[in-house]
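Common to both upcoming complexes is chain A, partnered first by chain B, then by chain C.
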Partner chain A sequence: MHWNKKYSQLTQKMKSSMIMDLIEKTQGIPGFISFAGGSPSAETFPKKHLGQLFKQVIEEKGDDILQYGSSGGDKELKQAIIKEEGLSVGLDEMQICSGAANGIYNAMRTLIDPGDIIIVESPTFLGSLVTFEAAGAKILPVAMQADGMDLDQLNDLIRKHGSKKIKFIYTIPDFQNPTGLTMSLEKREELVEIALKNEIFILEDDPYSKLRLAGTPIDSIFEIAGKKYHSQMLVIAIRSFSKLLGPGLRIAYALADKKIINYMDSWLQKVNNTTERVSQQAVAAFLDKGLLSSHKMLITETYRPLLKQIITSLQAHMPYDIKWVNPQGGMFLWLELPEDLNTDELFDKAVEQKVAFLPGSKFYPTGYEKHNGLRLNFTFPTKEQIDEGIKRLSKAVKILMSSPNSGFHFLD
Partner chain B sequence: MVKDLESLLSVNSRGMKKSQIRELLKLTADPSIISFAGGLPAADTFPVEELTQIINDVMSKEAHLALQYGATEGDTLLRTLLVERYRKQGFNISLENLIITTASQQALDLVGKIFIDRDDKIIVGLPSYLGGLSAFANYGAEMIGIPLDEEGMDYTKLKHALEDLNSKGEKPKFIYIIPDFQNPSGITMSEKRRLDILELAKKYDVLIIEDSPYRELRFEGTEVQTLYALDNTEQVLTLGTFSKIFAPGFRIGWVIGNKEILDKIVMAKQATDLCTPPFTQRIVARYIEKGYLDKNIEKIKIMYREKRDVMLKAFEEYMPPQIKWTCPEGGLFLFLTLPDHLDTSELFIEAIKEKVAYVVGTAFYCDGEGKNTMRINFSYSSKKMNVEGVKRLADVIKKYL
Partner chain C sequence: MHWNKKYSQLTQKMKSSMIMDLIEKTQGIPGFISFAGGSPSAETFPKKHLGQLFKQVIEEKGDDILQYGSSGGDKELKQAIIKEEGLSVGLDEMQICSGAANGIYNAMRTLIDPGDIIIVESPTFLGSLVTFEAAGAKILPVAMQADGMDLDQLNDLIRKHGSKKIKFIYTIPDFQNPTGLTMSLEKREELVEIALKNEIFILEDDPYSKLRLAGTPIDSIFEIAGKKYHSQMLVIAIRSFSKLLGPGLRIAYALADKKIINYMDSWLQKVNNTTERVSQQAVAAFLDKGLLSSHKMLITETYRPLLKQIITSLQAHMPYDIKWVNPQGGMFLWLELPEDLNTDELFDKAVEQKVAFLPGSKFYPTGYEKHNGLRLNFTFPTKEQIDEGIKRLSKAVKILMSSPNSGFHFLD
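For the complex of A and B:
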């Protein structure tokens, strides 16, 4: 059979995020050091507590929680989250979803039809780009600055395309993936004003704000919209336990207006029916026992020396022309090479040195790629691996810079 | 303040109909109601003891894998175990022919997504599984319904439909079939019918989606080979799930088929939920490895057979002679047909008053027919409640006759 002709039009255009392909390339090579992943360190998983809680919830309520559940999520978990986070939202203003990716999908389906416009930070999380492109959305980039997205550019885009066609602005305000940058309070407020004025939604993706390793926490866009502007109607916040308790659980949640949540629940029902329930109940019990705050501390204490190490190693080994902004938390750091250097080419040179990263071009919407950036994850390797890995990467950078067509001649 | 929030949403969302059946099902939440409405397995089939033991093992030995991100196509260990299981059942497949989904509902959604453009035609049974119909409707499919007889989807009518489309230069995207203990009818497709339909599918170059959630729950009669195994040329995509043989709360299912198609499904899945929880996948894998799954299936079959027998006996005893029902050889459901002039959605309100519930048959008909039918689940309630529920239902029906 000729399958190709049978696929839907969007499927024929669909592409994979390629991340897995890149990661697979480098797996199993002895002595290899990878900064490519986006995974939290497995050492931080609270396996002992979770193990006990899984057992407990199955013994206590197995008959119920092994059954189908409510599409919007178990109320025990919603209540536990509201209490833990001190949220002033109702149960119908929250959805439990199967990881943040699923929440983003449900929100997107609620808001966009093929051809609608989504504005994203540029660069941004490639998983979301793939999701948006697969739905046939038109994606327009706004450049990242040290204090978050360029709002002048955003206003220009809204003026140019009109607010009707632009359905939402996608942002990761804290320790953004891939840049590690954080949006300032002023910009968050201005962004809410822009959204309200133009009636455009904000999709606030927040997987990392709990991983603050330095500086002072900033209110989320969802909170600012409620506290300062008394209208959370246009903000959908996606928050996840993946980086805290383990992504393998696939437990995340969305906060939004109850009408929006109602639609998101319908999409979740169509796509997954129910979010897996044993994990929902175990996470609820974990929160009820008050275990999260000490666990958060354990994670930040694990990551803080790693962040310090990568900055020290970069300062020690990288050539002068390589730039970065030190992140105050999260999992990633973004390097920028001079514009005429290409990190897709650097990738091959780095693999020869037994070190990997993610080339920056993957983090831009199709047609807007830039090639001189790269993402480094600092939470997965050990301190020793970080230093050795950065040494190797610096060597690869120098080799690339010294190649005849690069314009740089370090090693000459 | 936004005045008209709805106007900012996608056309697709605004067009989403409140499912009538969901509204009706809300009425059945009252615990004093005997509900034959859900598609729920009985809670006493859940292997709580074995599970706690396995969770202990997994968390102490492989938490670093179980709690970490996993591959979109699923846990290799679980996939390998399933492939082995299917090879024993005559499937000529290898690892690349099987991927894990977040249960069957996701598989149905992803199948809809990768094949259907608005107004594309697909072929479904009259009646057919509501969750499938709704997943495909969601992508704007135009459904052509083919009635069922005792051997499954009517061959002659299917043939005519395909010929008719072919003469107009059209081709349906796929034929959706639940061959074993069909939801809602409980009917099993005969081997001859399976072979005939496969031949038609080949002749007209149409893919078959074989949805098979109940197959392993046969408690009577002779097993019929799956459409996939009868063919083994990748004309068929087969969907499976642990929901009815293990626990629906775990949300694990799978798709078997051509590698190229599975690649597309994996890409679409990546954009939907990245991966099915590696934690639950690993638990189920270890559960299968220890031989618990097969034991549990045997236990379920004995229970469900007894429940079905009790229910059929109660039908004989209490139902008026004008009422007809199917006698499934497995699965969870049977189907009741009332005289033509009765409407089961009118009866429903009365039934709720009498504290018994079912699913109105029209929900399963893509053409809006089936007004005089209803689906009855026999797996969820206890034997005693099955009898009591049938009594109540018979009283309601008698009032309307």
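For the complex of A and C:
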């Protein structure tokens, strides 16, 4: 029997994630503290409103919304989003998708044949990396700096590989996953200029910009391309309600040129036929009732003390050689250990201390891994868990640094 | 500017469906009757129960179910389905997917590289055809007979192309879309034997078997492969709640070998991350409350008179040369006109009479089109609309047959 040979080559190449399995196993351990996830705080979910609205839309519009819908999404939700966000786009320049993952997937299929090149920030969101790799794309990394991707490196890459094969640049400009860093306005403008000049699309993944906890908001790349460069078609923007209302609802949207949206709708039709309609309508009703702005305040008020706590705890407990940049929002903070230390090894020592994180090596394209970074989530654990967890993690770091071949030594 | 060259080759090859645009345009015309859709009757949607259950699951389990979930689906729903259907499968042999379309998509990606072969019934569901084509699969048709696909043709095709490149055989054994035909038990068994011998998977698409309106149920191919041939791994079965509770909920499931389900879960993760969780939990609660069996009776009681009506009306009004096989359930009936008549042309004449259907040519793989069939849906229009609509369609058929170059002449 040779059934195994029947699997597609791209399927067979997909990586299984041992670390994810390990993290799953830690979930049952009493007293275990995890900074590994990427989940919002369940405290922030507007359960009472949503329960009521789900019931209401089914009772009032069930005959319609339990039926098949348009692949591009329900117009009531599109209109509600346009009004809420003050967008100047048409209904045919927007797709409602099943979470940001689905929007990114549809955009990728619209543009990518196996062998095509995607440029990404390095490190970047591992979910997108595995998606791009599973489609046979060649992924080239550009290093992250404190103010966003290194644009000199980007120019070098484009010069080296030619702009024809490079289909898009994937960026998370606000509170990036995993680094928590935000791209400056200057860099956003320069990125648009580079992309325009070389005819390369920008895929702007924006799950976090609404989670600003300090500092001043910066225009999205989509807005900059449209308003300053009159080239809205350059950017495919993916925005999500997952971090605002709950990822279980799977409601996100894409903004792009209508030709691209039309192709993305064709892919959505093949992949899902229709995005789940009851949650589309419930979210539309939530927006129409004007509930979002006060809800956003509740979320930022919930997360601000958590961000403050993790910074305080890191400052109090981490050894001097551990570096990070304080994020101004989002859900993540990135720690950098000295270059000769490996956070894959740290992971085992941390689990012994009953604390978990995501090792940084997972956030680089295959072949470009670096091993001295790690990602911490600060929105899921409580304030008390954050302080205790960072204490434990600091202990694990010190143990790793004190191991005979580390080159570091601590006097305890 | 050469932005158009940036689209992937598979995207650029996707067909746009002019007929779908036309059908959409007819929806606003007062008094227009459509047999073109594939929608269940909104009358059958259990709105009262669902409204209540959606509210309840959010209020009781919102902290969990508004969060990210397992890519393979919620275990509560899997357990409820296993109990309801009396399945003897493990949780890791099942995927909850976002409608049957999503399950078919995930299965296809698990098995298909561009250039691989898929064998389909001819005619077959156009949604699956465009999905397979968009992934670069080569699609080979096997003719439909009154008792299911022509297995002699299937054997010939396997002999000609070799079994290595043929990844799976796609079949809708019960009340097939578009023909309404059902595969006999004997053919199901023979199909399993052929597939086993040649090491070719079977993708069994089963959206309709619960909609049996006459005759005796036949074991699914998944059951036959498991029970009689001890080769459950041969079949990937896709089953859906779309026709029972409403397609807007996007709840379906796949049954397969756990290795295949594992790969399908990996694809689902890339495509959607998680299937919408509130509707998963509401459907689980619907099943747990034991509401499905009486609800299925309500549906068959709703559809039985509609099927009877369309047959009566066809017998009363259609010209003698028009042939069909009475379906025993499902949602569709297939008309065959004499071979020299073209139902694409008939479509225009029908729209003039304010009635629409789906021309048969859409249901064949590219390059294998036949033009003398057409699909009628009998679950969406009312009894009165069915009778009036068939009268109109019969008139359009007669007008087409009477046109100078048709070779037919009627004395009106």
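As a working rule, the second predicted complex is superposed on the first by the 403 of 412 C-alpha atoms of A that agree within 3 Å, B and C clash if a C-alpha of one lies under 4 Å from a C-alpha of the other, contacts with A are read in each partner's own complex, and residues count from 1 in each chain.
Convention: a contact is a pair of C-beta atoms (placed from the backbone, for glycine too) under 8 Å apart; a residue touches a chain by one contact, two chains touch by 3 or more.
Owing to the predicted nature of the structure, the values given are computational and were not obtained by experimental measurement.
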item	value
Chain A as common anchor, with chain B and chain C clashing or fitting	clash
Which superposed partner A:E199 touches (first chain B, second chain C, both, neither)	both
Chain B versus chain C as contact partner of A:E339, first or second or both or neither	neither
Contacts of A:S231 with chain B and chain C, given as first, second, both or neither	first
Footprint overlap on chain A, where chain B in one structure and chain C in the other make contact	1, 3, 6-11, 14, 38-40, 42, 45, 47-48, 50-51, 54-55, 58-59, 62-69, 98-99, 101-102, 105, 109-113, 116, 127, 130-131, 134, 167, 199, 201, 233, 245-250, 263, 266-267, 269-279
Footprint of chain B on chain A - complex, ascending	1, 3, 6-11, 14-17, 20, 38-40, 42, 45, 47-48, 50-51, 54-55, 58-59, 62-69, 98-99, 101-102, 105, 109-113, 116, 127, 130-131, 134-135, 167, 196, 199, 201, 231, 233-234, 242, 245-250, 257, 259-260, 263, 266-267, 269-279
Of chain C, residues touching chain A in the complex	1-3, 5-11, 14, 38-40, 42, 45, 47-48, 50-52, 54-56, 58-59, 62-69, 98-99, 101-102, 105, 109-114, 116, 127, 130-131, 134, 164, 167, 199, 201, 233, 245-250, 263, 266-267, 269-279
Chain B to chain A touching residues, read off their complex	1-2, 5-6, 8-13, 16, 38, 40-41, 43-44, 46, 48, 51-52, 55-56, 59-60, 63-72, 102-103, 105-106, 109, 113-117, 120, 131, 134-135, 138-139, 173, 205, 207, 234-235, 243, 247-251, 258, 260-261, 264, 266-268, 270-280
